[in-house]
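Per-chain numbering from 1; labels A, B, C and D assigned in written order.
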Amino acid sequence: MASNTFGEVLRMTTFGESHGPAIGVVVDGVPAGLELDEALIQRDLDRRRPGQSSLTTARRESDTVEILSGVFQGQTTGHPVAMLIRNSDAVSTAYDDVKDLFRPGHADRTWLDKYGIRDHRGSGRASGRETACRVAAGALARSIIARAGMRVMAGAVQIGGVRASTFDPQAVWASNARSADPAAAPAMEAAILEAAARKDSIGGIVECHAEGVLAGLGAPMYRKLDAMLAAAIFGLGAVKGLEFGAGFAAAGMRGSEHNDGMTPDGYLTNNAGGVVGGVSTGQTIVFRAAIKPTPSIASPQTSIDTSGNPVTCIVEGRHDPCIIPRIVPVIEAMTAFVLADMLLLARGDRISPKKEFL
Amino acid sequence: MASNTFGEVLRMTTFGESHGPAIGVVVDGVPAGLELDEALIQRDLDRRRPGQSSLTTARRESDTVEILSGVFQGQTTGHPVAMLIRNSDAVSTAYDDVKDLFRPGHADRTWLDKYGIRDHRGSGRASGRETACRVAAGALARSIIARAGMRVMAGAVQIGGVRASTFDPQAVWASNARSADPAAAPAMEAAILEAAARKDSIGGIVECHAEGVLAGLGAPMYRKLDAMLAAAIFGLGAVKGLEFGAGFAAAGMRGSEHNDGMTPDGYLTNNAGGVVGGVSTGQTIVFRAAIKPTPSIASPQTSIDTSGNPVTCIVEGRHDPCIIPRIVPVIEAMTAFVLADMLLLARGDRISPKKEFL
Amino acid sequence: MASNTFGEVLRMTTFGESHGPAIGVVVDGVPAGLELDEALIQRDLDRRRPGQSSLTTARRESDTVEILSGVFQGQTTGHPVAMLIRNSDAVSTAYDDVKDLFRPGHADRTWLDKYGIRDHRGSGRASGRETACRVAAGALARSIIARAGMRVMAGAVQIGGVRASTFDPQAVWASNARSADPAAAPAMEAAILEAAARKDSIGGIVECHAEGVLAGLGAPMYRKLDAMLAAAIFGLGAVKGLEFGAGFAAAGMRGSEHNDGMTPDGYLTNNAGGVVGGVSTGQTIVFRAAIKPTPSIASPQTSIDTSGNPVTCIVEGRHDPCIIPRIVPVIEAMTAFVLADMLLLARGDRISPKKEFL
Amino acid sequence: MASNTFGEVLRMTTFGESHGPAIGVVVDGVPAGLELDEALIQRDLDRRRPGQSSLTTARRESDTVEILSGVFQGQTTGHPVAMLIRNSDAVSTAYDDVKDLFRPGHADRTWLDKYGIRDHRGSGRASGRETACRVAAGALARSIIARAGMRVMAGAVQIGGVRASTFDPQAVWASNARSADPAAAPAMEAAILEAAARKDSIGGIVECHAEGVLAGLGAPMYRKLDAMLAAAIFGLGAVKGLEFGAGFAAAGMRGSEHNDGMTPDGYLTNNAGGVVGGVSTGQTIVFRAAIKPTPSIASPQTSIDTSGNPVTCIVEGRHDPCIIPRIVPVIEAMTAFVLADMLLLARGDRISPKKEFL
């Protein structure tokens, strides 16, 4: 079953394995006449690529994007935009030790159960490397939503036991930990390094804000804005939880507290996180995603081999002790992609559109 | 844009408004030769319908389902199964007071922003009444997954400030609050009644377990089992948070804690909640959904009318002070539907299937 | 696999069997704010329904449509429009003779091969009765395209051996044979009656014109306007051939003859039939569909029963000796539906749309 | 709107322009465990590529395919198979003369109407060059259907005024004209050369046979086998007509003639062309496609420029005087693709499948 395509009107189809010749993405449904900002695409890829700091894996990939189609004289043509990223620093032999065993927390076993075949080299298609394609597609989506005045910013609000006290999107890229709180950044970075030193890993929470969102985006019943964002965010293997606005805290609130009152000047609060009834309110969209600790750790773990025999598994190789610094741009990308998709989709809402979004 | 269809291989399309003549659902992609259990469909509808206890809205709907197609001599034919539920106790005049104002927490404003037209009678299509269709489709899905030995059970683990200490699916239907913990049930019920007495409302948390799940369900990259469940669950307007397994707690765990070790006898833990890399592990799928307090409350709230003038909004009428008792069967239904969809979809995984699922 | 939905942005999902309680259609993707013309829907259903003249089956169905959803105060709401048609004159016992044998030219055998189960009563879902749903959806689509100045008209240009010399859409509905040529109408009607008298059946050719079509409709590569029309028209079981513009005659033409020259005043010819490169030119769309003779005939035919034993098959019952008079409105409906779908889809073509279509 | 994807379960997404850096295709939904026959893919590409004989364009492209993903140790993995073909002999300056005028019979004008932007270099995405991607995807599909014993063979049965008297698939590839009749091949080739000498072009008819087709393929209502084939074949810009089995001749036949009688030994005739009720009968699928003459001719034609002024258009450059020799492998490819898609889709037909197709 074809399952490598995401989106309704704007659709990305990704392909490629961690240690194959290349990975890539085809973005279809891009309206004609959009100025394509290649530098923005490369910037976002650079923010995600490995080897940026001491906090991330030592694998070195330039992640240079080649745009193969869909652009003429700097403008999109309405035809698919294909983007290719060659793999360069793939050391497949580093994975020989794990090819016959199951690494805890990895997709090794579930995907073998499913497909009956496993490309063990760098986890094959299960590798987080595929998310570079999402970042490229998301950067293109940013150009679309920017025309409607929307922008997306994410940052870490928790890494291991360290929590942010503020959400300052300007601070995020100045911190190797991608902390949304500059004050908490050093402690977050220290927590990552400490986990790495213990041959262990940690997780955290990423918060994402989408500002300037037009009211009326999202399509009931089954393409609700929050449901589509949820599909996008849970589409990242490391995500184990997601909440909008007040989120889990809403479970303990009264209706009179949780309901966002309205005045002629706007909403009084934003407990909804910018989405009510699956449709954007026009307030900032706010969500938080819980990220699990990286499964690849160099400490001994109880596992089995592919024949079912017990083994001790030690995952050597070049792994991120915390995926947060590199997942932040991916979460931004997928959020921008969903918003662009919903923006284009909203063009069909009514006979006499209130306004042209683009 | 068509957005009232959910599912990939098994697809449900719903229609209908709260105060129109009827609501209904067309389920397509049902394999031929399935014994259709009409009594199971009606049982699940009965569990969701209003007016079952003092904890729920006083609206009385028998929610009797009429199966219009797709069944011949008790078996499915491979053609769409259409199910119709007539509306009977729709008192539209009760909504005259709110037709020109926006009720806080409701989709009134966002949907009007979107469509430029609003069927105010009982919230029109935005009403939770539409979920009866999901329950009917989910009951059909239960028959499919039951053939593969899978079953789904949900229950309340928090209502207002009252939390469950156990998850006992056998206890759920004996409690009007649908509590998963029989010991907590009386306090949960009291909390709902107390909120109603204050003309207020409360929310809570529903936990859902899927047992007997075959390993290998879910389709990377973008039809991951957890992503599809997330789309289904966030497709319910009242849901503001979702977590699988350890969920948000995973953010504070180390990899060595969170990874589920494997032995020849099975997994040692289930922090993943039964899904790794978007594919089922074969363990019980466990997730929790945070449910917001019902937005309709009879206390005065700050709001505006459709012209933007300030108003005090008091929502009279027959509303659930807590939606949990009635959302439990809906969450079960959507979970069963996703599992059935993924089960049918998994038929195409490989050239030489390990086994026939059905 | 779900296969009962047609369309990309505007989508119809049909359900129901010939002798079940009802048939119906859910149309999703209808923009909000459209004035729904119920009388037009009923008019088109009346044009298709059985028992209109001596040329058609004696089955009597009023085919009264009940609109269940998606309309509020006469306008569409952006939510699904569900339409229900009850079956009334279903005489299932008339089919007892054929339940264990395969009627030549019918889907009896192929669908049993496929599904392993067969609703023999009036051919079940394989019955042409399902096309009433397409007519209802098509009538709704007519209201959409009418706003952009487009209209669709079809008529018979050949019935049996009788061919039309003109295409006069005004004449079509005055003729029981739905002849596009009033001069040929009597001979066409006589041909049908003569076939019926011989306990045989005949086919013919239907031509369809879409006028006022905006240039720029149809979506390369794989949603080309002609390809979508072809999927729609070959979606009718009786269609065995289809050609646009010069059609099969183009095979024998030179490029210098076939190319439609352009002048400042417009195209010089319309050999393309209004579609070039999968996109509408703005000229009239012209296509012809070859319709096979009705398979149900009361003459003896060589066949087998479901166990594979030879039988002589005589199809008694109430059948159309020629399906042309009743397929004309269905072809119009599907054409209108495709045009409406492509019209809505074209809203997303570019960043700065040339014009608002609706 | 995303429209560059074809297929339901097996899906191809193509990208690329005639004079961009590359074209390519991503095939998703390929079951894991299929032996990928790369040589077959290259063979089919070689059969389509330009410059093979004096009958085709002088553009020289090696059309060497690079497989980027989805294969591990010679077997498919269940993940997308991406295939890339670099453009090498693109002489864009040859198109400078036509960049501001509309070539009759080309998509120049309709696509500019649609997108508001036009990549004039070699027709951009509208070029037939994109069909190389379909051939690559179709070759992969051939490997799938071959496992179920199915194969597809096409050939020319008419070129200009020359008609074949037989359909001999073995003879097709021995003839530069791809004639299905070896006796007619010389005359067909002469007709092409004669048209070229006149600075004109000719069309023809391609017939296609699919043998060994399993009964039961195709999905009513709206994914009928013939409807899906029609969408695939009319998805080629040069196709103006299509008929199955008796085709247009069926319009003049009686039911007693057209119905294919059945005996215990099989069907007596194949007027249906192997499809009844949208589902394969198990007989050979037979269809014919009418191909228009190549629009690019070096004779003067009446046209307008992009400002609407009259011009005389002479299309210089390297063009095929007849597209038939190069469209034959494309028609085979799309037919194989549709059959593979329907084969995989049929896995979901019933609860207890009669047999495993793969």
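In this section, a contact is a pair of C-beta atoms (placed from the backbone, for glycine too) under 8 Å apart; a residue touches a chain by one contact, two chains touch by 3 or more.
Since the model is a prediction, treat every value here as computed from it, not as a measurement.
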Chain whose average C-alpha position is farthest from subunit B's own: D
Rotation angle superposing subunit B onto its copy subunit C by C-alpha atoms, nearest 5 degrees: 180
Chain centre separation in whole Å, for subunit D relative to subunit A (CA means): 38
Computed distance of Cα centres, subunit C from subunit A, in Å: 45
Distance from the mean Cα position of subunit D to that of subunit C, given in whole angstrom: 26
Shared interface positions of subunit C, touching two or more other chains: 1, 3-5, 9, 14, 29, 32-33, 78-79, 114-117, 125, 220, 348-350, 352
Residue numbers on subunit C that touch subunit B, as the complex places them: 1-5, 7, 9-11, 13-17, 20-24, 26, 28-29, 32-33, 66, 68-70, 72, 75, 77-82, 84, 114-119, 124-125
Touch list for subunit B against partner subunit D, complex: 9, 29, 31-34, 78-79, 147, 220, 344, 347-353, 356, 358
Contacting residues of subunit B [partner subunit A, same complex]: 1, 3-6, 8-9, 14, 102, 104-107, 109-111, 113-117, 125-126, 130, 158, 160-161, 195, 200-205, 215-224, 226-235, 237, 240-264, 268, 272-273, 275-282, 290-297, 299, 301-304, 308-310, 345-346, 348-350, 352, 354
